[in-house]
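Read through the structures below before going on.
Two complexes are shown next, each including subunit A; its partner changes from subunit B in the first to subunit C in the second.
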Partner chain A sequence: MVDVGLLLQTVINGLLLGGIYVSIGVGFSLAFGVLEVIDFAVGEYVMLGAFAGALLAPTFGSEGVFVIPLVFLAFFGVGFLIQPFIHHVTSGDRPMPVLMGLVFTFGLAIFVRGSVLTLFGPNNRNVPSDLLVGGVTIPGIGIFPTVRVVTAAVGVFALAVFMYYLYNTRGGMAIRAIAEDRTNARLMGININRYQSIAYGAYAGMTATAGVFIGLIFTANPGMGLQYTAFAFFMVVLAGLGYLPGVIVSGVVLGLAQSLTAVYWSGEVVLFVLFALIYVVLLVSPSGILGKGGEHAS
Partner chain B sequence: MRGNGETTRSSETNSATGRRDFLRAVGGVGVAGATTGYLGARQGRDNFKLGVVTSLSGELRFGGQVTRRGYELWKQAVNEQGGIQVGGSSHQVELVYADAQSSPSTGADAASRMISQQNVDAVLGPYSSNVTLAVVPIMEKNRMPHITGSAESPQIWQQQPKYTFGTIPTVSIIADQAATNILNLDPQAESVYITGVNEPFSKSTAQAMRTAAQNADVEVLGYELFPRGTDYANVVTQAKNAGPDLHFHGGHIGSHVNLVNAAQQLDYNPNGMMFHYGVNTDSYKDGAGNGAAYTFGATVWLPQVERSGGTLFETPQAYVEASRSTFDTAPDYTQAGSTAAGIVFGEAFKQLGASPPLNQQQKDELVSILEGIEVETFYGTVSFDNEGEYYHNNTQTSPLAIQLDQDGSPVIVGSEGGSEPTYPVPSWSER
Partner chain C sequence: MSTDEESGGHGTYLDRVRGLSEPPLWVVGLILVALVLLPIWLGPFWTRIALGALMWIGLAQSWNMIGGYAGYLDFGHGAYFGVGALVTGIGMNTLGYPFLGGFALAGVVGAVLAYVIAVPTLRLRGAYFAIATWAFAEATKQLALVLDITGGTFGMSLPTGEGTIGLPIPGGPSETFFYYAMLVLAVGTVTLAYVLFERREFGYRVKALRDNQDAAEALGIDTTRVKRQVYVLSCVIAALFGSVHAFFITFIHPTDVLAAIVTDQMVIMALLGGLGTITGPILGGIAVFLLQRLSSLFLGQTTFYLPLIGGIIMLVVLFAPSGIVGILRGETTSTDVRTNLRELADRFQFR
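Here is the complex of A and B:
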């Protein structure tokens, strides 16, 4: 006999976990779709965001939420400045540009992780918040922890904003044109460097912001990034490479699969189930779970 | 600037020759380095050189740094006192590090490389049991005296390793005794939910907690192991659904923090939660924030508990002060156990009476000395079992059940002379 209360709470957990994944997957998918950069440093942006939340919150009255706009702007700037370097190693006549970008961001990730470890030590750090404590209990259904609900909502909201930007503004059209064909976009007079920097800045800002939320939900520590890098990859593969709308579906599917497996089968087999899921999707639908992914899908 | 008489070459030839020269230069430096290393290994030295294998990077780097601090404090204290006295001479201590990167296979490779290249006299062991389990066979193969100041899995001692010793009692003793104390708090628990991370130390911890519950006739409502990095919302949902009086968890600090945070978010309120390792560390308290208060835990050493003292650090308090002045942090029992491992080696070197570097026969004699040694330290009396399931493990140091108070300070509970616990603990909203 299935315990309805347990099932509902498990589904809620899965949906909210999926929302957390969405908040990371948006930027990653954007970077891949527009810049064709498989960014191994994605988890490190999450870690840096969480660390920024932990370090800056005391100056904002121990309220991690207030740090969020600052983190977004700061990391937008960081991404904007870093992108030309990535562009430099992934363009020109270099062989295997995708691999070059991958190696560059891999090195960046190791450098960032090591630097944070050296500067701040290996301790876990708390990102405090009084605004996002507690949760809403709905009798017979379960608890919706405020911080997880807000994180999921922000992830979906961010996706909606980027979709609007991409499909309803001149800047978005320029970015889509770059994703479609860089050479033609340049011939049309689009300032490629500028829009690529904007896209990468948005990605870095979004991912670091997701990091603050993840710090609020879990904790901040220098080694946390690897896990989120792995999940970002899972996300974009399931979504269909570079296909932004697929990010919501893949995030929810991954969250639900993880949650239901842990509760109804065994916590030990969660990763096995996730990998199996991805293999099956790739075999059945190489273009992602909605069948619409692929090159330049954003 | 080119020198006189240099032949002018085309840029292509120049570039090719430049690469060859560069490769020759690199090769030359490599050969010179290797030769120097080899000769260095062969030549005499007058200091005791110990290898340290620990996790300086990767997921277990927090614990790796804890062990490093423990070993470094021993080295610092010994060297400040002039070194280890052997006969009429004194010999300074040198530590060389190999990073296990939190991975058993990397740890084994690093240990093997260090032993073959560094000509160490002995080895101070890794942080974490899973790395130690991979390193122990390397020590056996190389007949290298090895003391771990950290590893707690009983599997290490069940293998009856000849060359490996450990200063911290196995977790099946610590977790069992501390859990028994907490299970018998008033009102006595009728049920417990037990979770753990699926790795050697954490699994052994969870198993020991389950044994303690079964021995105390407390119903185990759930027992499950999870991979590292799991989302503890699911763990908490299952546990909350079961409604236990107590929740016990075996893992490292990161998993404790995530479990507590998930319990807060989902309003899971058992009468008490117990994690074996690390509740009185800054990493746990910083990570869990206000959720850390009232957590139960286990330890084998606290500064306020009087221990035999003596060698190098007169009292536990003196050791705390040394740690604070050197590393600006308070030590936990793993750090203390690591320093004690160094102290034991120091006393064994003295008893051996041989000057460094040690040859294989002297290393074998050192192992015989360790088997019979008894050293009074700030951490307690250290001596190693020579038979049974805890072969070469120091089982002398008594485990303590602790609880963090409202301010995060650990107080001893549930044993003779212990303080009154806050039990059942307040709900999350009342903390």
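Here is the complex of A and C:
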């Protein structure tokens, strides 16, 4: 007999987790759209966010929540300044621009992971929080940790703000125009440097913020990035590269898959299932299961 | 690039970085003789370092075949190294083979696996290929961690003190024994790469495929076939190195032999030395391996070389995309770096 209560609880937990994954996936997909480079460092922004949360929280009275705006702004700045380097590598008269871009972000990821490992050691850290303790009780189903509920709410909120910017402002229009066609956007008088940097900064900030929440729910350690790089790849591969609405679906699928596999099978096989799925989906339908992804990464 | 005038402005950039002008045969002979005599002068410690360098030169060269010559960025190449190591362990432990049996088995399993993976995966290009191979390698690692036959999370010990072909080696396998094993494999790999890619028509087909796949197809080159041949060849070499490595260190664990860093190092060595050249992976292999060993030896920091390597990759991609070979051949000069810096500064104009 399937325990309906447990099943419901697992599904809701998965949906709550999906909220934060969506915000990672949307930023990642956008970074791909404007820079046309798959960012291998995506998981490292998550890791840095979680780490920043763990390190800075004590100075804010051991309250991880207060760190969040600071982390967003700091990583917006970091992303803003890193973007010109990636743009430089992928444009101009360089050979194999896409591959060089991939290798560059790959080097960035190793650099970040190695630096954190060397400076802070391989141990797990916690992001403390007194505000987000306890649980929210839904009568008849169960109790859900406040952290997860708030995480999902913030994920949805961040996504809404981001989508509003993207679809209702001039800056958002410029970013969408660049994603559509970089050369034409430049001919229309759009400052590519500025808007690409804004988009990449927003992506880095959002991803690091998601990292703080992931640090609040789980733990922070220097090696955690790889898993979230895999998650981000999983989401965009499932959705189709550069197709934003698809990411919302695949982020939720990812959250559900993770919590269902962990509860009903084993936590050990989650990553295997995920990687195998990415591989198979790429082979069967490189433009995503929704079939709407771009094909210009070749 | 300011070297366009010198090269006539024709051909792709990678054609210009094909290799250092070939050293005369007597120099190559001298180096080989020195390599053969090396263990006599070096103690076991430095022999160990040298054999490690030889292994990485061979691995970097094997990655260079698919990544540098064919232009397919394989981020899962380390999987074959790990599979070779694990298959050798399984052959010796579970099947009771002598080492040479395990070695042959590693080659065969590597080839079959590479072919099976090649058929669907090589249809993907660019970033899609990179992600797919990376996902394949990580899935392989996760699978090895949950299977029983690979030792799972406990790892696996290989029988020690046994002979290679069932006959005992005098004094047992030693540093010197493995040094010569790696020397034979590494020299074999480099020679094979030189003959195939620089001396045979095959090499021209592969480079045509890298520079423009559609044009190569139009010229009547069966690109699918060529891609598969290069991929399987390079993967088998990685598996063979994994096999010898396993027999050498005698204890293998999936998180070590299938670690992402194995692939990372191959990519970095080939890139730092010069992609699509014979000498590049040799120079890059030595440089990165020594950097890693010496930094852990003298700084006592085992992880410090990671940010170092990451930083080097970024700098190489930014300022010297043709690697050490490019610098030696004068393709990356201080003028190029200055031009690059100026162009980079332009990207910071946000107004």
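Assume the second predicted complex is superposed on the first by the 262 of 298 C-alpha atoms of A that agree within 3 Å, B and C clash if a C-alpha of one lies under 4 Å from a C-alpha of the other, contacts with A are read in each partner's own complex, and residues count from 1 in each chain.
In this section, contacts are C-beta pairs under 8 Å (C-beta built on N, C-alpha and C of every residue); 3 or more make two chains touch, one makes a residue touch a chain.
Treat the numbers as computed from the prediction; the structure is a model and nothing was measured.
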| item | value |
| --- | --- |
| Which superposed partner A:Ala160 touches (first subunit B, second subunit C, both, neither) | neither |
| Partner chain(s) touched by A:Tyr279 [first = subunit B, second = subunit C, both, neither] | second |
| First (subunit B), second (subunit C), both or neither touched by A:Gly92 | second |
| Most subunit A residues touched (candidates subunit B, subunit C) | C |
| Partner chain(s) touched by A:Pro145 [first = subunit B, second = subunit C, both, neither] | first |
| Contacts of A:Gly107 with subunit B and subunit C, given as first, second, both or neither | second |
| Contacts of A:Met188 with subunit B and subunit C, given as first, second, both or neither | neither |
| Touched partner set for A:Gly223, first subunit B, second subunit C, both or neither | first |
| Touching partner for A:Asn13 - first (subunit B), second (subunit C), both, neither | first |
| Subunit B versus subunit C as contact partner of A:Glu268, first or second or both or neither | both |
| Subunit B and subunit C contact sites that coincide on subunit A, given as residue numbers | 114, 117, 268, 271 |
| Subunit A contact footprint on subunit C (complex, rising order) | 1, 12-14, 71, 73, 75, 120-121, 123-128, 130-132, 134-136, 138-139, 142-143, 145-146, 260, 264, 267-268, 271, 301, 303-314, 317-318, 321, 340, 343-344, 347-351 |
| Subunit A contact footprint on subunit B (complex, rising order) | 57-59, 61-62, 64-65, 198, 224-227, 229-231, 233-235, 237-238, 241, 253-254, 257-258, 261, 264-267, 282-284, 286-289, 429 |
| In the complex, subunit A residues that touch subunit C | 37-38, 84-85, 87-89, 92-96, 98-100, 102-104, 106-115, 117-118, 191, 193-194, 197, 226, 230, 233, 237, 241, 268-269, 271-272, 275-276, 278-279, 282-283, 286, 297-298 |
| Complex contact set, residues of subunit A against subunit B | 3, 5-6, 9-10, 13, 16-17, 114, 117, 121-126, 128, 133-135, 137, 143, 145, 147-148, 217-219, 221-223, 227, 258-259, 262-263, 266-268, 270-271 |
